[in-house]
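In what follows, chain A forms one complex with chain B and a second complex with chain C.
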Partner chain A sequence: MRTRRKKHIKQNIVGYTFILPSLIGFILFMAYPLFHSLFLSLMNWNMFKGLEGSTFIGFDNYKAVFENEYFRAGIMNNIKFVIMAVPLLLIVSMLLATLLNRNIWGRGALRTMYFMPYVATITAAAVVFSALFHPEFGPINSFLRAIGVADPPSWTASVKWALPTVALFWIWKNLGYCVVIFLAGLQGIPKSYYEAASIDGASKFSQFMHITLPLVSPTTFFLAVTTVIASFQVFAEVNVMTEGGPGTATVTLVYHIYETAFKRYQMGYASAVSWVFFALVVVVTAIQWMGQKKWVKYV
Partner chain B sequence: MKKICSIILVLTMVLGILTACGQDDSKKTNDGTKDQGTASNNDANANKKTAEKEREKLIISLDKMPEDVKLARAIEEVQEMEKYSHVDFEIHGKEADFLTTMPITVAGGEQRDLVAVAQPILQQQWADAGTIQPLTKMIESLGLDFEKEFGPYAANAMNNGEYYTIPHNITKWALYYNKKIFDEAGIPYPDPKVPMTWDDYRALAKQLTSGEGAEKKYGALYLTWPMFWYGEAIMTLGGGQHFYNEEGLSNIEDPAFAHALQKTFDMMHVDKSIPTHADVVISKTKPTAFMNGQYGMAVQGGWILSWAADKENYPRDFEIGIAPMPVDEGTTPKTWGIVNGFAIAQTSANPELALEVGMDLSRLSAQYAMAAPEANQTVEQNLLYTGMGDKLGAEGMTTEVLLDIFANPETAFLTEKVTGANAPTYEKVINEEVEKFLVEEQDLDTTINNIKARGDKKILD
Partner chain C sequence: MNTVKAKIMRWSLSMVLGVIGIAMILPILWMVSSAFKYESDVFKIPMQWIPDYVNLNNFKTAVTDFPYFTWYFNTFKTTIIVVLVTLLFSSMSGYAFAKLKFKGKDFIFFLFIATLMIPVQVRVIPQFMMFKSWDMINKHWTITLPWIYNGFSIFLMRQFFTSIPNELIEAAKIDGSNDYWTFFKVVLPLAKPSLSALGILSFTWGWNAYFGPLIYISDTTKQVLAVGIASFKAEYSNNFSVQMAGSTLALIPIIIVYLIAQKQFIEGIALSGVKG
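This part shows the complex of A and B:
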């Protein structure tokens, strides 16, 4: 009995030793910063003077979060962004994946083309996108003028259009990734289902609605959860394209955290916003998780 | 066998981790170079390290400042000085996103000694945050007299009643013009001695504007820098401190601000003599855009002279002329600008040495000044503008003309930035609201009212 226990302990030690590098990495770069930020969120933290120059202020930072106009603008912009970007991204990528799943000419090249923006650096991609949507010289507005739109939008320079333009950019950038995931999901559906449906006289649309959509729903759910989280975290696109403007039209929560932490040096307040942001994402994800029972079909 | 294999694997893993963690320290010498690692060199290295401990390392972060010819020359000379023979200088030039990365580096505890502070709002922000050190006590202990040394510009080195920077350069603005565009429009060049008014400037910009699309020549260059719209207002009122009223709250209600803002808007959207704000933001138009020949006029600092003299990097098929800045009224020259400075970071290893080096850099760069008048009052400015005058004299920008524009004692000098309580946040509010007006998303009254309401709140915070 004792020998077996000893052996068990030894085996455990070996196992833990193998996971040690990852564990150290996790503790140093994930767990510690996470809890340190929780500590910072309760402090009026002076990042240049450390603990000596800082004071404990309890939940004052959390109170300040909800009174801050940039936080309010950020949360509203984030919600609008998720509503605009995620459904459109999922619908377009699913349709594209369905198309690319067929034996069409140039399928490989098309898959590569859709995936290219995803692997391109965000700055380069933003420059290309900004050039396309330039209010005066961009091809999009030239086209709109050519078809009779007298006063096309100023896109990123417009309070109304800046956020939708950033959302469009984000969709374009992430489309390739979602298409690849959907393709994997689609290829997991047995062809026999479609063959049986065809024999029964089901149309292509009917097959899509009654076979493809339900059977790809686990993939859709996975992408819905991850893209909602990713869209809440949108930062680089905003930073490169609009810097939060015009006015506060494109300020998002992560951009607000970045500005307050690294431009205004309010590390305690920024940590509080981060935790509120974390709570918000957890709630949204939990709602999605609970809602999946109604529409996700696991075969 | 399994046991032996497990032990070997575990040992390998542990050794691997330990080796990886310890590798850098063991292989690096004090000067950051890699040790060759031979056992026979160990004693020699130990002696070398002992000797190096007596030496001092000074890290200077200057961002774009080394592009300034006179400062580059000063840096070279300081490194050759006998009194600094024990100092190893580490000069950091242009750094990516300097304004963000430098404070983070300091917050991370990394040694930084002298750092460039290129504008007063940043200076206030860094002084408030503790990124840079107050210098008053050190200045006194070293027997320095900033008022004697830097004259009226010493005041620009102060925040919250303490000296925080060593002034080393003043930027002063002038009006530059593209002679080719003036010739094509058949319009005489601006007077090099008597300033025009802002109304004259706007009328002239309209006259100089021609063409459409990619062929368009704008009468003047506009950048997103806020002084491009509020410049006339601060000239009328007397400087950036007038963004605040007598009670210390926002003074944006003064009609001078609304007037200046409306006039800028009209140039963009009515006269179309300057690019729209949207165009400038999206195109990320840089100050160097004036060198591409698409703009009739540009108001900017003395740095344009350096680009004008550098025909290799800024080739052009037009000549550049210079005139005094437009003024709100009368004929007395006025200009605005800022005083650059060197500050000492919170993580300086030897603040007194940093202060001494900073003073020498300031004095020497004053001595070698060619493009801008100097903050340092005690140094003979024998080379002032002669270099630029030699290079640009053929275009009419002789040393005399440049001295008349930049070093005329009659010229009123105004601070161009918002200078007062909570200036960084108040300025952010101003920029956000003005941007909405300039892109036609908000009317003028709403803009002014919003700045007043939000600005007062931020100032009181």
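This part shows the complex of A and C:
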């Protein structure tokens, strides 16, 4: 009896020594900051005024958040961005992966080409895109003028086009990643399904619709959830390419948090925005989670 | 007849995918080409992919007007620490969650998984205040220390370790090896494919870190490449060839690492995606 208890204690000690570093990290850099941020969101606190300047104001920050035009623009831009970027990214990458999964030449080289943007340093790539899409002398507009577009869009300088331009950059950056994940999913589909379907005379298109699409749906679901979360957090792209402008055209919630917290030092207000942002991510993820029953097929 | 048709199909499909592939890397090729141009040639029409006059001064300007090599060094240093910390601590935790028995294991694992949904931005303000009170602003600790906890890679390693047969661990124990020794001498060597995948993944995380360094580091000589390179756009707003030279230099190491480790890299991403 005693030895069994001793063994039990020893097991616990071993287990906890293995997870100890992560546990310390979890408490220091996740649990504690999370609670602290919730607390901060109820305080009026400008960092420049020091701790003395802080007062408890309850939900006033949250009220101020919803009255702020930058916040409203941010939430709208986040939603527009997701709608513009995620479906397009998923559809294109799934089609590319399906084609890449067939018997073609230079598959390895192609995968490398598609994947290169994902590896590239994000700010360097954003600098390059800004130059490519330069309204006056960027190669994209030179090309458009050459093929007869008299008045090409001014991209990041235009209220209408700035957000789509950032979305385009984001899609380019993440396409290779999604292609690779889809390829992994496609390779899990047994070849015999396709063989049976061709014997029955099913066309390639109907094979895609009835075998590929349903069987790859768990991968699609995984990517839909993670890319939506990632697209909500778009920041480096905005900061380098547009700094939220022109006007409020590319302000996102994360950019708004960054500006209010680290340029204006309104830590309480920014914490409130970050909690609203968090709630938004949770709601969107929960909706996706509940919706999966309708279309995700687990074999 | 059928084989001819199949061949044509294969050929045209490869062509189409090849054209899209080239379009994907076109911005990168344009960047490299422009880095070698004189400013007046960058936006010249028709576009020259190989300039008539090669200008190497852009690179010289990039590395002399900015503390470029310091940024390189800082980025390498922090990236390597991020990789080592991630590999060691995530594999230890992953192993514990997969194979060890201890009190509260399921609950802690649930907490860890739940954090995967929490955006970094929610905890960044208190974290900033914490680093400030520890006097760690402008120190590389701010970039590397938070990586001692990484829910995603713990989950990844746990998935891998569950596939290792228990008999192997039992056998090592019967031979008299203690738990720690078993982990480092028996289990970890088996995890090499997963570790290399995670290693390469965390290399890109470390190399491309932007939000943290932007907030915690204001001292230019302490800065990393991802943030430093963005200042090119501001400083050389009308000199695109210098911007491109700076961007090219930032891409070289990560692309070399990628080309060397390409196979594991893509498999690592695929593995993490399917199981993560």
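The rule is simple: the second predicted complex is superposed on the first by the 289 of 299 C-alpha atoms of A that agree within 3 Å, B and C clash if a C-alpha of one lies under 4 Å from a C-alpha of the other, contacts with A are read in each partner's own complex, and residues count from 1 in each chain.
By our rule, contacts are C-beta pairs under 8 Å (C-beta built on N, C-alpha and C of every residue); 3 or more make two chains touch, one makes a residue touch a chain.
In this text the structure is predicted, and so the values were computed from the model without any measurement.
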| item | value |
| --- | --- |
| Which of chain B and chain C A:234 touches, first, second, both or neither | neither |
| Touching partner for A:128 - first (chain B), second (chain C), both, neither | second |
| Chain B or chain C, by number of chain A residues touched | C |
| Which of chain B and chain C A:262 touches, first, second, both or neither | both |
| Touching partner for A:34 - first (chain B), second (chain C), both, neither | second |
| Partner chain in contact with A:248 - chain B first, chain C second, else both or neither | first |
| Partner chain(s) touched by A:100 [first = chain B, second = chain C, both, neither] | second |
| Which of chain B and chain C A:21 touches, first, second, both or neither | both |
| Chain B versus chain C as contact partner of A:281, first or second or both or neither | second |
| Chain B versus chain C as contact partner of A:215, first or second or both or neither | neither |
| On chain A, positions contacted by chain B and by chain C | 14, 17-18, 21, 24, 47, 130, 134, 137, 262 |
| Parts of chain A lying in touch with chain C, wherever the complex brings them together | 11-12, 14-19, 21-26, 28-34, 36-37, 40, 47, 96, 99-100, 102-106, 109-117, 119-132, 134, 137-139, 142, 146, 172, 175-177, 180-181, 183-185, 188, 219, 222-223, 229, 232-233, 235-236, 239-240, 254, 257-258, 261-262, 267, 270-271, 274-275, 277-278, 281-282, 285 |
| For the chain A and chain B complex, residues of the former touching the latter | 10, 13-14, 17-18, 20-21, 24, 46-49, 53, 69, 130, 133-137, 154-160, 245-248, 262-265 |
| Chain C to chain A touching residues, read off their complex | 10-11, 13-14, 16-18, 20-22, 24-25, 27-28, 30-31, 34, 42-43, 45, 47, 88-90, 92-93, 95-97, 100-103, 105, 108, 111-112, 115, 117-130, 145-150, 154, 179-180, 183, 204, 207-208, 210-211, 214-215, 225-227, 229-230, 232-233, 240, 243-244, 246-248, 250-251, 254-255, 258-259, 262, 265-266, 269-271, 273-274, 276 |
| Interface residues, chain B side, partner chain A - complex | 6, 9-10, 13-14, 17, 100, 103-104, 106-107, 125, 129-131, 213-214, 276-279, 281-283, 346, 424-425, 432-433, 435-436, 439, 441-442, 454 |
